[in-house]
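The following pair of complexes shares a single chain, chain A, combined with chain B in the former and chain C in the latter.
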Partner chain A sequence: MQRSAFQIFFQTGAWTVIAFLVLPLLVVLPISFTDTSYIGLPKEGLSLQHYVNYFTDPKWLGATWTSVWIGVVVATCATVLGTAFAIGCWFLSDRASSIARWVLITPILVPPVVQSLGFYRFWVVLGLIDTHVGVILAHTLLALPYVSISVFAALTNLDRNIPRAARSLGASVMQTVWAVVVPAAKPGIATGFIFAFIVSFDEIVGVLFITVRRVSTLPKMIWEGIQDNIDPTIAAVATVLVVITLVATAIGVMRKK
Partner chain B sequence: MPRINEKVSYWMLVAPALAIMVIFYIVPVLGIWKIAFTEPETGVANFVAMAGSNAVKTSFIITFRVAAITTIGCLILGYIVAYAISNFASKFTPLMVALVILPFWVSVLIRSFSWIVLLGRSGIVNDTLKGAGLIDAPLRLMHNETGVLIAMIHVMLPFAILPMLTNMRGISGAYVQAARSLGASEWTAFRQVYFPQTMPGVMSGALLVFVLSLGFFVTPALLGGGRVLMISEYITYQIQEFLNWGLGSALSVALLIATALVLLIAARFVNLRSALLERK
Partner chain C sequence: MASPILSISDAVKTYGDTHALNQVNLDVAEGEFLTLLGPSGSGKTTLLSAIAGFIKMDSGKLTLRAEDITNRPPEHRDFGMVFQGYALFPTMTVRENVAFPLKVRKKPSSEITKRVNEALEMVQMGAFADRMPSQLSGGQQQRIALARAMSFSPQVLLLDEPLSALDKKLRADLQWELKALHNQLGVTFIYVTHDQDEALSMSDRIIILKDGGIQQQGDPNTLYNRPRNKFVADFLGKSNFIDVTVKGQTNSTLHCTAQDVAFDVETDTTNTTGDTVKLALRPERLKLGAPNEEFLPAVVKQVSYLGERCQVIVTHKTLGEMLVSCPTWKTDITPVAGLTVSIGWEPDAPVVLADN
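Up next, the complex of A and B:
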């Protein structure tokens, strides 16, 4: 088929933009193999020294582990709370529950620095500064909107007559929720869990405000590394994370097919 | 069973999440308002100081300018991608969608770091251009607004593409076909028939990108190198360097109000419910 200039413009344009979107993610790869001790392209040959540094430095490993386990705890808390919330709102579907849903998504709209100031002052009062509990609580709040949105989206396709049938056959509200609504919401719950984990795993501004020295997460280590501006270990860490993301996305695309 | 009991049990599902959000989030954010009016002393002194400061004015202008340019850039680039994905079906379409979503999963911190590596004084772009003999002295691509804008557009682009994509996928091809069969050129059919139908998606994307950009901290702070002080960074300076909680909080209140105003104005053009609450 003959393609018009119009189509050629949009098609090449789209691929150019996608290249702009994806290629910068890959620049960390060559940098991570540099044989220099500063951030730059390899000079004489490739070197694994920065990977060795990442995988042997207790500070980097400790921060990675902290981010992972905090992420899992946050994802679990946010998924349980957010799923119950979204299911309750779905049943109610009235004005009050709609307002409740708006309240729950405020963390998406409030600028990160502003909410972090709020956290800082309140956490000082509660004695949660520089504690893991403090970080988990803050991250759970930031993750809740994403769980609530994705579970609610999954429920929009559920026929309201099905839980009604369960109720009229004698199931209690909790039995209906557990046996009928939760299974229907499963895809949304899974998405919500992943979102919540990522929100916590990547969160930086809150952590900068509410932690000092005792708690160190991976983003905080990266942030401090960029400020010092010398250590190519960041590139190795970034490469590991980008490769994990690429593999996960590839698996996701394959499974859809 | 009486109906009222049923409602109570649904509210019991809603209550835990709502309660911790109100107690540990809404209350602390409202606490910022209190600080703005009470520290160091009760009154509106912080707001007077804020209104009188040229640095604050400059920072607000930079913030709105960066947010506006980022939004426009994301809309133009994003529109092209969304259009191609939803109108030219091919075996590459799923790949394109996956590549659009991919950057979402890579943290903003790492994406900003990548841009530092690319745009720095002896970054990859400058080194390549110098190696090719195109420039003698390195270009200043970072620690200025150019660098911030490039990285901001990169970070925000998926937020613009996804709502437009959702919108365009719901548009029937019949209207453009009808226009074409009535003699309209491809361009005319696009401009007069297709484009107006995509406005809801464009508006949702614009709102999302603009609101997120207004309060953005990480990318401007890293790529701006202290020279592109957007409000969020200005606030952290006031608090971390000068321990000036009063002014920092007053600025936070101003930023919150600015965000709320943008949402209020946007509500006239955008269905906020579908743009924010029922986002997919």
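Up next, the complex of A and C:
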């Protein structure tokens, strides 16, 4: 097939962008197998010592566990609240509800530093600094818009007569929501849950502002690892996370097919 | 009317400045096929929604078998409802959809199975019980919606333009089926439509609505042949309108003129000499013939051939343009544009419109 200059230009451009996005990610792979005790490429040979370190050091494992359980709690809270909010707004569909939807997505619009400063000032007053509850609250707030947006997207195509049909057939408002609206919103709820987990698992700025010693999440450990001791364990952790993400995505794609 | 199953009195609903319902009074007889007919914005859907309980009337009263249900929530009214967009639950199978009203009523599972099967057989959809709604055609989905709305033996079945999303041929088939189903079950149907053919072909009684008020009600034959006003005569079928001056009345025969054309019209109304009244003349009641002394001379302006019938626009020098509809299989003449013809009618063909 004859290719036009136009096509070549855009194809080259597309591959350049992909390389730009993926290459920095791939750099961590050789670093994680380095035999040196500082961040750098392998010198004499490959070594698994940093993986061993990650999987045996209680500090790294503890931080990972903290991030996971906080992520699950945040995802659960944000999914329940965000779904309830989106379904409520969908039922109302008036001016007030569309204003409320805009207000709820402000955490996405406000710069994270500003948001975190707000959390800090407010959490000091509430006595939530350096507590797990404080982190969960902050992350739930940050994750809420992602849940409500994805649930709302799932509901936009739902016929508004469907809840009416359920009511006329004898279902109360609550029965209608449970039997008809929630099942229709399920794909959006699942997406929202995953997003909420990722938002929490990945969050660093807020955690740096509102925690000191007692609470340590994985992103915070990585951050501190780079700050104090240029420990290649970070690269091992990063590689593990990338592999988990790739496997999860692959499973997701396979299941869709 | 024997004591009505459903009764609406002084129903009022306003949206801003517009009256969606303007003092509507309506009694629905047990077992009746009642149609609410009107153009969009006439208030027919608002009236049905008020009956179903989805909107709250500003004022007015709704009674079911003499019991006040004005403030009863929709789920306790026990009315089945069928919607234009089918409104089947997309995450449930056909069987689960039809079983839904029985499940929320906590019926025993043996009874649910039995009644779901009966309802599906009723609409000839028994073979589709385990499909998902998305796997069915529009007509099949509407049959399922009907089975679902009937499976719990509702007091009244409300139908909100159930056929308007379907194509013309299927619509005609389902009209027969709906009518047969109504005769077979004896349930009260309240049917909303903007389609006059649907209304005429199925209803026991038609309510014609405009701007939130009832214009006229009656059985299809009365409404079609004795429209009370111009809106009804124009909305239900087509009409030619002629303004005439009353010259006198002997018993039921009204003598009137439109300039040089004299009419003798059979009417049950009483009119004062000198008044101007409007006559409505159905196109199919006009007869087209070769020019002769007895009838009015006219010139054919345009012809539209429709197969079984043929629509002809003719021009008369004082009456102006008139629409004539004649059967194509039985004509004295073949109308073509420019041909001079005559138009005539039986004395009972023109209808005196009581008001405008």
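Simple rule for what comes next: the second predicted complex is superposed on the first by the 255 of 257 C-alpha atoms of A that agree within 3 Å, B and C clash if a C-alpha of one lies under 4 Å from a C-alpha of the other, contacts with A are read in each partner's own complex, and residues count from 1 in each chain.
Simple rule for what comes next: a residue touches a chain if its C-beta (ideal position, glycine included) is under 8 Å from a C-beta of that chain, and two chains touch if they have at least 3 such contacts.
Not measured: the values here are computed from a predicted model.
In the superposition on chain A, A:Gly62 makes contact with neither chain B nor chain C. Legend: residue contacts after superposition of the two complexes on their common chain; A:Asp159 is shown touching chain C, with no touch to chain B. In the superposition on chain A, A:Ser4 makes contact with chain B only, not with chain C.
When chain A is checked against chain B and against chain C, the one touching more of its residues turns out to be B. In the superposition on chain A, A:Pro42 contacts neither chain B nor chain C. By the touch criterion defined above, A:Val180 lies against chain C but remains apart from chain B after alignment on the C-alpha atoms of chain A.
By the touch criterion stated above, A:Ser168 is placed in contact with chain C alone, chain B being left untouched.
The contact sets of chain A with chain B and with chain C never meet.
Of all residues in chain A, those touching chain B in their complex are 4, 6-7, 10-11, 13-15, 17-18, 20-22, 24-25, 27-28, 31, 39-41, 81-82, 84-85, 87-89, 91-92, 97, 100-115, 117-119, 121-122, 137, 140-141, 144, 148-149, 152-153, 156, 173-174, 177, 198, 201-202, 204-205, 219, 222-223, 226, 234-235, 238, 241-242, 245-246, 248-249, 252-253, 256-257. Chain contact summary for the complex, chain C toward chain A: residues 52-54, 73-81, 83-92, 100-101, 104-105, 145, 148-149, 152, 158.
Residue ranges on chain B touching chain A, taken from their complex, read 6-7, 9-18, 20-22, 24-32, 35, 77-78, 80-81, 83-85, 87-88, 94-96, 98-103, 105-118, 120, 122, 124, 127, 154, 157-158, 186-187, 190, 211, 214-218, 222, 231-233, 235-236, 239, 248-249, 252, 255-256, 259, 263, 276-280. Residues of chain A touching chain C in their complex: 158-159, 161-162, 164-172, 175, 179-180, 183-184, 186.
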